[in-house]
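Labels run A, B, C and D following the written order; every chain starts at residue 1.
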Amino acid sequence: MKALVYRGPGDIQLEEMPKPVLCQTTDAVVRILKTTICGSDIHILKGDLPMVAAGRILGHEGIGEIEETGAGVSLFRQGDRVVISCITACAKCDNCRRGMPSHCESGGWILGNTIDGTQAEFVRIPFADTSLYHIPENADDDAMVMLSDILPTGYECGVLNGGVKPGDTVAIVGAGPVGLAALLTTQFFAAAKIIVIDIDDNRLEVAKQFGATEVINSKYGKAVEKIMAITAGQGVDVAIEAVGMVATFGLCQEIVGAGGHIANIGVHGASVTLHLEKLWSQNITITTQLVDAVTTPLLLKTIMAGKLQPKRLITHHFAINDILKAYDTFRNAGREHALKVILTNE
Amino acid sequence: MKALVYRGPGDIQLEEMPKPVLCQTTDAVVRILKTTICGSDIHILKGDLPMVAAGRILGHEGIGEIEETGAGVSLFRQGDRVVISCITACAKCDNCRRGMPSHCESGGWILGNTIDGTQAEFVRIPFADTSLYHIPENADDDAMVMLSDILPTGYECGVLNGGVKPGDTVAIVGAGPVGLAALLTTQFFAAAKIIVIDIDDNRLEVAKQFGATEVINSKYGKAVEKIMAITAGQGVDVAIEAVGMVATFGLCQEIVGAGGHIANIGVHGASVTLHLEKLWSQNITITTQLVDAVTTPLLLKTIMAGKLQPKRLITHHFAINDILKAYDTFRNAGREHALKVILTNE
Amino acid sequence: MKALVYRGPGDIQLEEMPKPVLCQTTDAVVRILKTTICGSDIHILKGDLPMVAAGRILGHEGIGEIEETGAGVSLFRQGDRVVISCITACAKCDNCRRGMPSHCESGGWILGNTIDGTQAEFVRIPFADTSLYHIPENADDDAMVMLSDILPTGYECGVLNGGVKPGDTVAIVGAGPVGLAALLTTQFFAAAKIIVIDIDDNRLEVAKQFGATEVINSKYGKAVEKIMAITAGQGVDVAIEAVGMVATFGLCQEIVGAGGHIANIGVHGASVTLHLEKLWSQNITITTQLVDAVTTPLLLKTIMAGKLQPKRLITHHFAINDILKAYDTFRNAGREHALKVILTNE
Amino acid sequence: MKALVYRGPGDIQLEEMPKPVLCQTTDAVVRILKTTICGSDIHILKGDLPMVAAGRILGHEGIGEIEETGAGVSLFRQGDRVVISCITACAKCDNCRRGMPSHCESGGWILGNTIDGTQAEFVRIPFADTSLYHIPENADDDAMVMLSDILPTGYECGVLNGGVKPGDTVAIVGAGPVGLAALLTTQFFAAAKIIVIDIDDNRLEVAKQFGATEVINSKYGKAVEKIMAITAGQGVDVAIEAVGMVATFGLCQEIVGAGGHIANIGVHGASVTLHLEKLWSQNITITTQLVDAVTTPLLLKTIMAGKLQPKRLITHHFAINDILKAYDTFRNAGREHALKVILTNE
């Protein structure tokens, strides 16, 4: 089969690879219908995640059709159409049982990381019963792809951890795909003001269309002043960090009000300075999370009910054979006005 | 001043009454701009609330302008425009301090009940600093009247107690004003399905316009069957009782799913049968609440942010001098297609 | 093998039955080391649970040693010593995944109910990986038996649902084994006063030794008055119903204070009267629950840390061959001063 | 009257000062019976809190007797014996009403900071009704002094923010008075293991007597290794920072397990390094808080019920006239084996 293979920093190839086979009785092999590229794939490509070995098929998102199941799989059978979760959950270990499958002792984020992933014609999914979700009839396929990772990430790590509640003022720092996913799901909770901060005017324009009540381009400076003006000097109730840089986490510290939350989503490559000399007395809560994807069923229900339109996150479509072109587009997201790209197996 | 006075069961009169004066340093006297009639006023009129003495001025909702304040009032001064909360809160007693001012030791629901109320030209408000709210500039006056009681009641007793969350299926039994307030605020939490049940087709039509995804007229029977069909036999996640009758609370018990909530808002005049022989193993939560109105500031923010349009609850307007006509309209709500009526002092 | 078989209302026999075998790959067969008798076994015997067919081996509690495992069992192997949970959890269905395995679509309370149970030499346990728990070295075997049902039941349905918090006044109605389990675990949360109510002086004496700060024998009447005196007329913060009768649930309604909780544990055979005409305005929360047993790992940790002494619940020991005698003792608990009885396979 | 006056960094004097008088109708003047010295008094003395003006009477803890009340004080009268909270709460402002009086718009921590404090014969208490608490009969006076600050601080900022639950492993970094207050109140929640880390062997010995299950002297290094050994390499569920230094906050980051909490109590004078490059994916919650003291009534109930023995925190007694000697003892806590010192007005 064709697959996108990581050959080392800066080097990915579309190659012919062996079709995966069942290894455990709880495995399923899934024929990929659609997949996409994530920011963390770009991190891998840069060599930032050294646990990813050369020869690895990348990708941890997508939808597909069940090709084959092990004897221990009871909820799915051949032909079923499924969402593949970015988080593989054994459902048995202590971490799974306390609702934290991101740290599953034999799963977690392994697809396209420590085992082969979804940017291919087929993928093997361990613990299929608890790592796949049935696609309802009438569902939009492109929308379903957004359930693999970006929607639960924005919702769990940003919105739920931030404790967004009706009437709140929420700042989302970063209007890339995950920041926009947080923006869409922040609106589940009737926030009064949603301020989106980025350095790309096009993304800010998108944010406005997606429901931001205020947008601020921080490359012109004065972001803190503007937010303080909007909040009458009180700061925001919730600051969602959706970038992963020192400066953006720093901005969150400056704009969060007393009693507020900083919900980190961003993948950080370096430590940051935490201003406890100011914040120790400010009744602040800071959270981090690798997505657990336990809210996937809930998010699926909101999509089917028309409360969430994740297709809005998709800007480009490619055939899987054009995946290198898709990577090029996604890596130049600013120039290409790209958010999520959809890759289709035809 | 003119005031609506309760003279005993079935007997209310618009009479000339003395203008109220400050009694405590924490009192304010408020000139009423607008008021409304509540279902509990009708209960009083029927003689259902014997603690209401003959001679009492009725009414516990409204907006006004501060006429005079006691020396201990620090947050309001003459001329300020305010929302009057139906709950008077001393903010000092144990119950107030644990967030339950409905059971305030020297307040609670006293307006138009154990002290004179708002259906008058002026009203004395005890503990003014913690029982009144500033009306923001640009606010719509009619919308503000809905903050006195009906919105916090629907939101706190129905939606918050019911634990509504994104993706949920919610049934609201009763499409009167308080049921509709619950319907509006249920939408804060991206419920997937909201089923409204009533016996009045007009109110069900209104419910549809207000965001119900399904409506059921229970007078034709089969309400349980229809709800079970909608929920694939699972029952609802949340059943909000907004009527206060044996049959409607019974319906909630029949339709609530395992793990679900029954949030009672209705004022009940009689005991009900609780089917513990069935429910003991169903992991059900049942709540009751006299509104605490502690969410008034939050609700005010959602109104000002355009997330909530309470004016939709208002069907009729009268001058305060026509209050007897307004009572007549409100008591014949079915015939008159009435929800909330606004009474204006001119 | 020898097993206790239900032959119909009033009729149980110790019989020779075939040793169970693996049916599914996720099954384990466990050799029983110790088991016990539960109040619900007595209900079965009375014919109260008609879904229990004649020929069923009873029992849903116990510890044992793994005899054999299916190919899909990964956490246990032959010779492992295990606690058997009364709740069988597939860990895959919607209810399991939302933390409610009591309503597992292919499990729940099935042992000694719809499949053969633990009052035998061997038992087949479906979904072994998520329905058994490893017994730590140094653990006391008798104490471990209490983890099967009674401790999670008292803790989850009583203490957690009741929302017990430091400083609270808690009333526990019923000093049988499950009430006493609630009493032991209520003390996890530093309640200020724990009042135990029963009609058996011996059990009340036990309750005192177990940490009750006040005991009341309600057979002499005046229980409400006494509780109101203890609480300065405020009523209790939490009332735990651990009997399952109309009168005991009624008592809970009379003693719960405004803002309080009624946590029902009792198995009810009949409906009760709910006094909504009084309680609608009292900000009460009523809960029911069939135990989910999701706190078993947590309870195990508290036992191993010496924070909980479940052995105190055990009053009698029998060999499994004397199980009919043990039933007799347990059914005459008052006369025998019996709480939990331990049956040992020798 | 005699009072301890701050004259500038390093300079405190016992001086004759004017007796305070009522300024607002909501004030009370309290005759101090007992007071104590807090770590933040030492910070002031070092010049770390420049908002404290020369001439300020220090102290924000103590018990006393009501001398005089303003017309707006309704819950206290002359002769009442009271605990003085370190947090002055107006109960009216937005922050008070959302349960965060530490950031009260006209109160908060002001005693001995921006207004004169309790290390004197008399003190003026603003918003007396909501900043004082009645002392029950039979209460121990010394124990009551611990309610002013240290108990709510340890409990709210450490234990509640840390989300301690039964069975948890908790590390408390710092065995000074506030760390020990956290240690005492951690035991409200049946934690399985409580590890206390400090560099003072005497304090660790005290920690053991107070309920620590393990103690580690970190001055010999290897604290991280030892904690990882105790937790089987998982790290702790809750790390409570009770020192306020870069190294101690750093230790908390190294020992917290996935899904864990870092609850900061320490007053920090400098920023710290937050290792987001490691923690971003570890599902961590970090909290900070200036105590709100809203749990004072709850803590009082636990003391009166014998669930909490705060007197254990007291090591030294002085007459108020010997306050300079008391400061000397408290500043040399290591040498003097001092925890809290009690100063009595005689």
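The rule is short, and it goes like this: a contact is a pair of C-beta atoms (placed from the backbone, for glycine too) under 8 Å apart; a residue touches a chain by one contact, two chains touch by 3 or more.
Values in this document were obtained by computation on a predicted structure and should not be read as measured data.
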In contact with subunit B and subunit D alike are the chains A, C
Counting C-beta pairs in contact for A-D and for A-C, the higher total belongs to A-D
Report, in whole Å, the distance between the mean C-alpha point of subunit A and the mean C-alpha point of subunit D.
41
Subunit A and subunit C have mean C-alpha positions lying a whole-number Å distance apart equal to 42
Can you pull out the residues of subunit C that are in contact with at least two other chains?
297
Quick one: which bits of subunit A touch subunit D in the complex? Just the residue numbers, please.
95, 98, 100, 102-103, 244, 249, 258-259, 264, 266-277, 279-290, 292
Quick one: in the complex, what on subunit C touches subunit D?
165-167, 187-193, 213, 297-302, 304-305, 307-308
In the complex, go through subunit A and note every residue touching subunit C.
25-26, 71-72, 74-75, 91-92, 94, 97, 99, 129-130, 294, 297
